[in-house]
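The chains carry the letters A, B, C and D, assigned in the order they are written, with residues numbered from 1 in each.
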Amino acid sequence: MKNKIRKIVEDNTSRKGKLFDFFIQALILSSLVAFAIETLPNNSNQTIELLNIFEIICVVIFTIEYSLRIYVAKKPFKYIFSFYGIIDFLAIFPFYLTRAYDLRALRAFRVFRIFRTLKLVRYNKALNRFHIAANIVKEEIILFLIITSIFIFLASTGIYYFENEAQPEIFTSVIHSGWWAVVTLTTVGYGDVYPITVGGKIFTFFILLIGVGIVTIPAGLVASALSKAREIENQSN
Amino acid sequence: MKNKIRKIVEDNTSRKGKLFDFFIQALILSSLVAFAIETLPNNSNQTIELLNIFEIICVVIFTIEYSLRIYVAKKPFKYIFSFYGIIDFLAIFPFYLTRAYDLRALRAFRVFRIFRTLKLVRYNKALNRFHIAANIVKEEIILFLIITSIFIFLASTGIYYFENEAQPEIFTSVIHSGWWAVVTLTTVGYGDVYPITVGGKIFTFFILLIGVGIVTIPAGLVASALSKAREIENQSN
Amino acid sequence: MKNKIRKIVEDNTSRKGKLFDFFIQALILSSLVAFAIETLPNNSNQTIELLNIFEIICVVIFTIEYSLRIYVAKKPFKYIFSFYGIIDFLAIFPFYLTRAYDLRALRAFRVFRIFRTLKLVRYNKALNRFHIAANIVKEEIILFLIITSIFIFLASTGIYYFENEAQPEIFTSVIHSGWWAVVTLTTVGYGDVYPITVGGKIFTFFILLIGVGIVTIPAGLVASALSKAREIENQSN
Amino acid sequence: MKNKIRKIVEDNTSRKGKLFDFFIQALILSSLVAFAIETLPNNSNQTIELLNIFEIICVVIFTIEYSLRIYVAKKPFKYIFSFYGIIDFLAIFPFYLTRAYDLRALRAFRVFRIFRTLKLVRYNKALNRFHIAANIVKEEIILFLIITSIFIFLASTGIYYFENEAQPEIFTSVIHSGWWAVVTLTTVGYGDVYPITVGGKIFTFFILLIGVGIVTIPAGLVASALSKAREIENQSN
């Protein structure tokens, strides 16, 4: 009996296992869509009730699934405290507390459950390459995060001294100027904060020429590490 | 007779075939320009009439070309239901229905016909490399699309909880916040929606540092796959 | 005599040639700065006069240099109609016509003269690598320019149909919508034009997810071609 | 005695050395946070006093550390005029002058002291790769900076001629237009300056298609040079 259930719940190479996975995956996506719709402000009472019923159905099924996974696991505690075990728990837990605290936002974390199926089926190899690539560039990425942080700090300090007098309400302090720094260096540029003094503009000019590169290099690093990972994979075959 | 026409219509290594292709290509471009001009609001009656006459000429020629392509094709049905066959059909079909329904917008799809000539002449090799590159990075691109979707969903949910109270008309629901998420993560940053609360700004800070990289990695992947495809091509020569 | 001048004007490995080149280069930069200052609206009469005198000095020296280059060239006509010959001519020519037509803007093209010195001295190898890289990715870049053009056209057409009714003054025609398309796809996002309808926003959502990659791939292609060019250079050494 | 202190101050492979480094690093970070808080406009008197006391403690400890580093250095003058020696000096020097001049901004340079610890511990190899990569692409980066400068100059001149008449207060001169050029080419696009004439928009269209690539290529170059540096490192092992 236990083995039969395990085959359905844990193994997804069998036909029944695939169907089970597909059903759970579809339910996760539906419950995420329902969650998004629930936040709409002008839902009719009927819609709200429907969404509530659907959420109860989801939580019941997810709870059964969670119990089954504990039941069939060879080491139940290892599953409970694994990454996916915690995610599975967080997917149902907020519901049982909702009357006491408003933890509905935690339902959004159900999105992480989508990874589980990815992990098992087709994209196993690609995810493996991601793992290799992450190992290759880990140190560079951390270094770049530190350099980026230092750069954002210096940019914030600089612009604060140039713009604070002219726009005291926007560049109120070095901390407030950090908002400008990150929005500028990532080239988002909403237009809610920008320098207006000549000094501030010249400062921004140089910050941009140097900084934009620093922020975009990590993406290039990851891309080239991924193609390196593919080479390693091909050589080992 | 059929062979002679085939040489002109299908073969574009011969001089006549090149001329025919060049003529059709020029007509496609002209008809696209005419289509764009037609949408201008203050066209004089004379201009409108001229554009109408030009459109009729285009459709007549395209219809003749389409008929000829069916006529000379060795397997007419295969052509009709091929990608280029459908594009060729869509290029003329809306005209004959225009009195009943307003399908003029479909004329914009004529732009795809430009690919046909590309395919045949000089860029054959380059297009082949694109094909190889697409096969190399297919899985990674799909994974990144999924990761990007998950990221956009989480960003939308997060910003909704931070900003909904302060700006209920902009961050009305998780779905409305999605517009902010995509405009921010692609670094477009129009400036129509941006966080104003301290919490929302700090959240955006971290979302940007992580997210901007995720969105730009696929472009780097395609670029490195294309240079890999070139190497493969060189080795097989 | 002719040989001596040639050594100064054309050869810049000798000490005198280096000095001559450095002097001309400094004069070009100064004349560009003077040109920029000249466009300031509130220059005093004294400043304007000074800038005029400096411009006359520059043109006189550039004219002498141009004459010398023709004089020492082994094939004068080849020089006159070469890229650098035309740039050198355009650097002085507008001055002599300025009373008849206002061609002062052409003076900005003097900036291209800066390349000449680059070409000769230290960056010869790097420029050579650029040449190799350009040859490697020429076809891909052209293909991407065509794909980008098609994409911009389709984006313009799409947004026109979604937004024209809601914002007729901004999305007046397909041609006007092109401004939105290029500002969005390059992720500049000034914020002067953006969709406000639900349909337009969803359309922009998908256009951005696909389009941003297309626009940034060429930069990655050039970068990887340049590192390929370096490898080729190292192998041939 | 001197050797014992040296082991703590300069060597950070020993346990005491690690502790000392960790303590100094934590103090630097805290003093940077304190500096940022100090710029907030509505600090209570109590907060200001606390921050002042903390700053005095920091400077005292940094001064002791600086003296110790001079004391244990084998060549004291070499240390004093080294990069890190100057940074260490700038971290304490402004405090002693603060009554005469307002040099508090210099305190932000303490951020560079963070590099010291990086240099010594885990990221030594990664920093070494950065050094190799910088050597590989030095020439290309300089060339691209020159090309970018030329491009920004030409873009500024062009937009000045198109927009000056329509928006004389924004595109006042070629120099003022430079602000537009850098904000546009780095794709920040705040939205404070943008073309409104048809000519200016068409000009921007072409500038963007070419220019965005030029500005993002250096980041790709650095990324591919870093992966090249990793290969070199692996081969030499």
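By our rule, a contact is a pair of C-beta atoms (placed from the backbone, for glycine too) under 8 Å apart; a residue touches a chain by one contact, two chains touch by 3 or more.
This one's a predicted model, so the numbers in the text were calculated from it and none came from an experiment.
Overlaying subunit A on subunit B by C-alpha atoms takes a rotation of 90 degrees, rounded in steps of 5.
Using the average of C-alpha coordinates as each chain's centre, B ends up farthest from subunit D. By the residue-number overlap criterion, the interface of subunit B with subunit C counts as different, with under half of its numbers used by both chains.
When the contact pairs of A-D are set against those of A-C, C-D or B-D, over half line up by residue number only for C-D.
One finds 29 Å separating the Cα centroids of subunit B and subunit C.
For the pair subunit B and subunit D, the distance between mean C-alpha positions equals 41 Å. Across the assembly, subunit B contributes 187-191, 216, 219-220, 223-224 as residues in contact with two or more other chains. Chain contact summary for the complex, subunit A toward subunit D: residues 136, 139-140, 142-143, 146, 150, 153-154, 156-158, 160-161, 164, 168, 172-175, 184, 187-191, 194, 201, 204-205, 208-209, 212-213, 216-217, 219-221, 223-225, 228. Every residue of subunit A that touches subunit C in the complex is listed here, in rising order: 187, 189-191, 220, 223.
The touching residues of subunit D, counted against subunit A in their complex, run 32, 35-37, 39-41, 105, 108, 111-112, 114, 118, 122-123, 125-127, 129-130, 145, 148, 178-179, 182-183, 186-192, 215-216, 218-220, 222-224, 226-227, 230.
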